[in-house]
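As written, the chains take the letters A, B, C, D, E and F, and residue 1 is the first residue of each chain.
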Amino acid sequence: MRILVVNPNRIAACTRLIRDTAQAAAAPGTEITAVHPDDGPVELSGDREVLLSAMGVLAQVDRHAERADAVIMAGFGEPGREAVRASTRAPVFDITECAPAVALTLGRDYAVVTSTPAAVPVVEDRLRALGLGARCTGTHATGLGVPDMVAHPAAALETVIATAASAEGEVVVLGCGGMAGMAAEVARATGRPVVEGVAAAVTLAQATAAVVPVR
Amino acid sequence: MRILVVNPNRIAACTRLIRDTAQAAAAPGTEITAVHPDDGPVELSGDREVLLSAMGVLAQVDRHAERADAVIMAGFGEPGREAVRASTRAPVFDITECAPAVALTLGRDYAVVTSTPAAVPVVEDRLRALGLGARCTGTHATGLGVPDMVAHPAAALETVIATAASAEGEVVVLGCGGMAGMAAEVARATGRPVVEGVAAAVTLAQATAAVVPVR
Amino acid sequence: MRILVVNPNRIAACTRLIRDTAQAAAAPGTEITAVHPDDGPVELSGDREVLLSAMGVLAQVDRHAERADAVIMAGFGEPGREAVRASTRAPVFDITECAPAVALTLGRDYAVVTSTPAAVPVVEDRLRALGLGARCTGTHATGLGVPDMVAHPAAALETVIATAASAEGEVVVLGCGGMAGMAAEVARATGRPVVEGVAAAVTLAQATAAVVPVR
Amino acid sequence: MRILVVNPNRIAACTRLIRDTAQAAAAPGTEITAVHPDDGPVELSGDREVLLSAMGVLAQVDRHAERADAVIMAGFGEPGREAVRASTRAPVFDITECAPAVALTLGRDYAVVTSTPAAVPVVEDRLRALGLGARCTGTHATGLGVPDMVAHPAAALETVIATAASAEGEVVVLGCGGMAGMAAEVARATGRPVVEGVAAAVTLAQATAAVVPVR
Amino acid sequence: MRILVVNPNRIAACTRLIRDTAQAAAAPGTEITAVHPDDGPVELSGDREVLLSAMGVLAQVDRHAERADAVIMAGFGEPGREAVRASTRAPVFDITECAPAVALTLGRDYAVVTSTPAAVPVVEDRLRALGLGARCTGTHATGLGVPDMVAHPAAALETVIATAASAEGEVVVLGCGGMAGMAAEVARATGRPVVEGVAAAVTLAQATAAVVPVR
Amino acid sequence: MRILVVNPNRIAACTRLIRDTAQAAAAPGTEITAVHPDDGPVELSGDREVLLSAMGVLAQVDRHAERADAVIMAGFGEPGREAVRASTRAPVFDITECAPAVALTLGRDYAVVTSTPAAVPVVEDRLRALGLGARCTGTHATGLGVPDMVAHPAAALETVIATAASAEGEVVVLGCGGMAGMAAEVARATGRPVVEGVAAAVTLAQATAAVVPVR
């Protein structure tokens, strides 16, 4: 199976992290292609950057999706899911939707840990629009942007753990592509199931390919 | 991986169907054990039977879950998820939750096809209680109970297809254990993605085991 | 009129308390039968116990309801209302529903005081599922289980009063069978109307028998 | 116990009907005083009349409530509950709230039968504002105003039965003071529990006086 | 254009303030008539006064609306909008609705600043009933009634600013007729867009007259 | 005042229509600049085109907004409001929000008339996300895309009138930029207030500039 993962920011270290996390979550023999936009904002620091990045994501899908069996949108709270779906025959998995969907099957309620305070209303609006917010106890910012996280991963992990530990909810959702790869350590530290979006999307993509007949 | 699947009704042909569907959805080497209650109602024809069956399900979990890596509750709309969770260390997947969760990642909205008219309010109450109803376009009864379905599978399939075809929604959820195994044909006939609960739960159970660190 | 009251826990002192509260709330000449399950959990300490107790309640209804004119389910947040209804011709009153229904007629909003923190999500889920949560300001745990309450009633009353006093809401709902009999003192201490479930259910059962024609 | 019942319209036959229904629902020895405004609109044919009648109701409460142990507002969908509460020390029962509250304890969902099409949005807005609409399946107009109903009771009853029979919902709520006294016949004809507001309010008033300690 | 503005309280200084605010917000040549009830409560200190004032408002509309091209109801949270609409051919603008409607177009969410704590539930109930509460972050009382505000405007302004500054939300709504005229200073002090109801209603009334064809 | 109006499609006749409608709604002396994207989809026929057009809109805002006092986004259901806001100091008015906001002040509920069936879920999702859907009775497609509407305006008007006439709701919202200019005739034909988005946005922009102090 070939999975295209599109990171909406243009931070190469983040794209690599996402690719490694996707590969680790995938079945043996899965071919993961992880890309990011060629142009547009490097970091998704606000509403304008988020929308511009959706264009870059769409361009990557146009270029790479033809030979993909599934497309993963690796931005938490990212717009454009419907447009990406309309642009490829491959099924499209948005981590904003996959992580809460998995979390719902694992406990009574879930908390989202995200990056900067500016991301909080974006994420909350998106979860509400997707009809997935009813059992979300809250969205909590670590205060760290993706560049910080990839530059200082150990300190970032500590902050993510502290934020998760102080949030109420039986399940923790890591709501930022830059947190790919942190799930095991956050779970160990908090004693709660932790759902990270890229891994959730990969496994849903593979599961769905196996069991959901489409046409 | 060892998965325990518990069918809440006591119709052996249905349990076999569920087992075969679970096995087909599972990764190679997965050991599926499908059981049903030893006593209690044969068919879940009403609210009393549904509750009594939850007891039988709990007894099966008590007996078999110790060596399972995951437990699947194979009744759509079945109560008792929280009690089953409190009774085993294995993660528990309820098809009532898994099928909509997967459906949400596949399209704008989904329709549920279920068995008898009596099941409709049970399913709708449960989806609303689970916070998964916001993008459900409706729950539609075929009018066929599980005994009818297992006795006359070809006619049942035709009725399920007709019911699915007339329901609005980008995705179809087969909301009855007795429809296990029908997904491919319903998808072909309706041209829509079709999510069947047992297969969805198996794949979520396996995906989760792989990627969601728990404690 | 003959009313069957079923206490879901097996603490005899609690059953007696519930019976006395029911009798005090009933019209003269009412015959109250208060029972609890013969087996199953003594105390409803978690989700598993709550479900198992529902079976015991159903067995008591099967044995005693034939000669009852109304059945009262005396567990706050208890499942099984639909199953009990399907098992008897007598009308069934669940205190989880009766107390908020009465509270809604008495003020702008109401607060629920319940026993242990574990009961809080159970009660909140149930109120939301019943569509009665819109004017509930919150559910607050005293931290005391039923055994504590019946063993040390004076201390328990003090704790219930303190919890009620610190909760916002024009009306107080005592959301635990073990608080039967405390309404008058909580009302006096807090200066607010206090609705206790068993008394509310008895009066609704009698009122309904008088004025709601059924068939 | 002395209960003041205030009919918001000025149709004397309707006030008598309401008084008789209240008396029939009350415990022996209850003293029912039924009044209507001295001036203001005779019939509540629209939004202006509904508000003006609330003034007349308030004036009646000012004049008569001092010696009442409870006040019943007998207009379905009538505004002013909060103002009436602020004007008397007696507890106030609004049939718009009492009838649905009782209906919720009697079945999965309820339908409202009301008078004219103009009343439908008034009733629906009010039920939603009161947080009691979640399990209401719909509000259905008979097309008959109160004058028609009191002038031609037999024909009115037939129309109410036909409207109730065609409405979905396990319980029927008669949502118009002019339907006081029709509950038994509608129940017999439709085979469903029927809750009429004045009777529901009387019984809640008496029940509450008995069991809800206030201050 | 002739606009009738009805202040529900009978504090002449408040009516003058409202008139001046309306005039300042209006297009040149607009004729503003600002009135208040002839009798009824001077100050809207509770639920009874609020309802009584609605009668006085209706009487003013009856007397003055015939030659008005638009009617503005200048009480925030005031009932009676439907009755006023049914009493005049002129379009009716309620500041409770106009201010949030404008605020919604100016930011992600808005906070309401109102007068006394007693007004908070009145305002919140009304916003919810109007379906305008989804993006409201909260209603906050300054603790000052209208008489205080008109007697000590400088101190009142300071308190309003402090209350607005501590409230979350991208936009501030001044939810009390007594705050007419404070918008500019609150905006300057808080750095946020501030919507005051009377000005919002005047501009909507004029805008609507220009562009919404009615019949 | 200088207002920049951005039409998201690239149909010049539609842009002219929007400009004329904006000019007619504006105060004398207002300078209206109406533009559309330089590249991207001509017609917004699906989810991909809608997102691509948002990029083109953003580019126009970047180029033209500096000298604008307000920006109007003239696509009904169009994404990107937050991004546009983050890209200009001028206040931004989205017709998707302005038209319902005005409609809410004019009646109990409103119906939306839109272009093609594909637009219906886009519009409904957007209204729900904006928290403006509570009083919307439904979204109804005429079946005509913008090219059809501008090519055959008389036939289009007839279809819009027929669609509006058959929709329930006290107020009609014309939910498509291609319907700019039709409000008067639809109002005359249906006897209901009709709110067209571009005119509503222009008047809100001017009203807000006059009365909402921003910083």
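In this section, a contact is a pair of C-beta atoms (placed from the backbone, for glycine too) under 8 Å apart; a residue touches a chain by one contact, two chains touch by 3 or more.
Here's who's who by UniProt: A, B, C, D, E, F = Aspartate/glutamate racemase family protein.
Given the structure is predicted, the values throughout are model-derived calculations rather than measurements.
Enquirer: Compare the contact pairs of B-C with each of E-F, A-B or D-E and report the one sharing over half of them by residue number.
Expert: Most of the B-C contacts reappear at D-E.
Enquirer: In terms of residue numbering, is the interface formed by chain A and chain B classified as same (over half shared) or different (under half shared)?
Expert: Over half of the interface numbering overlaps between copies: same.
Enquirer: Using mean C-alpha positions as chain centres, tell me how far chain B is from chain D in Å, no decimals.
Expert: 44
Enquirer: Calculate how many whole Å lie between the centre of chain C and the centre of chain D, each centre taken as the average of the chain's C-alpha atoms.
Expert: Distance between chain centres, rounded to whole Å: 27 Å.
Enquirer: Counting in whole Å, what is the centre-to-centre distance of chain A and chain D, each centre being its mean C-alpha position?
Expert: Between these chains, centre-to-centre, one finds 54 Å.
Enquirer: Two-or-more-chain contact residues of chain D, please, as numbers and ranges.
Expert: 82, 108, 125
Enquirer: Which of the residues in chain B come into contact with chain A in the complex?
Expert: 25, 27, 82, 91, 93-94, 97-98, 101-102, 104-106, 108, 130-132, 134-135, 183-184, 186-188, 191-196, 199-200, 202-204, 206-208, 210-215
Enquirer: Touching chain C in the complex: which residues of chain B?
Expert: Those residues of chain B that touch chain C are 46-48, 50-52, 54-55, 58, 79-80, 82-83, 85-87, 122, 125, 128-129.
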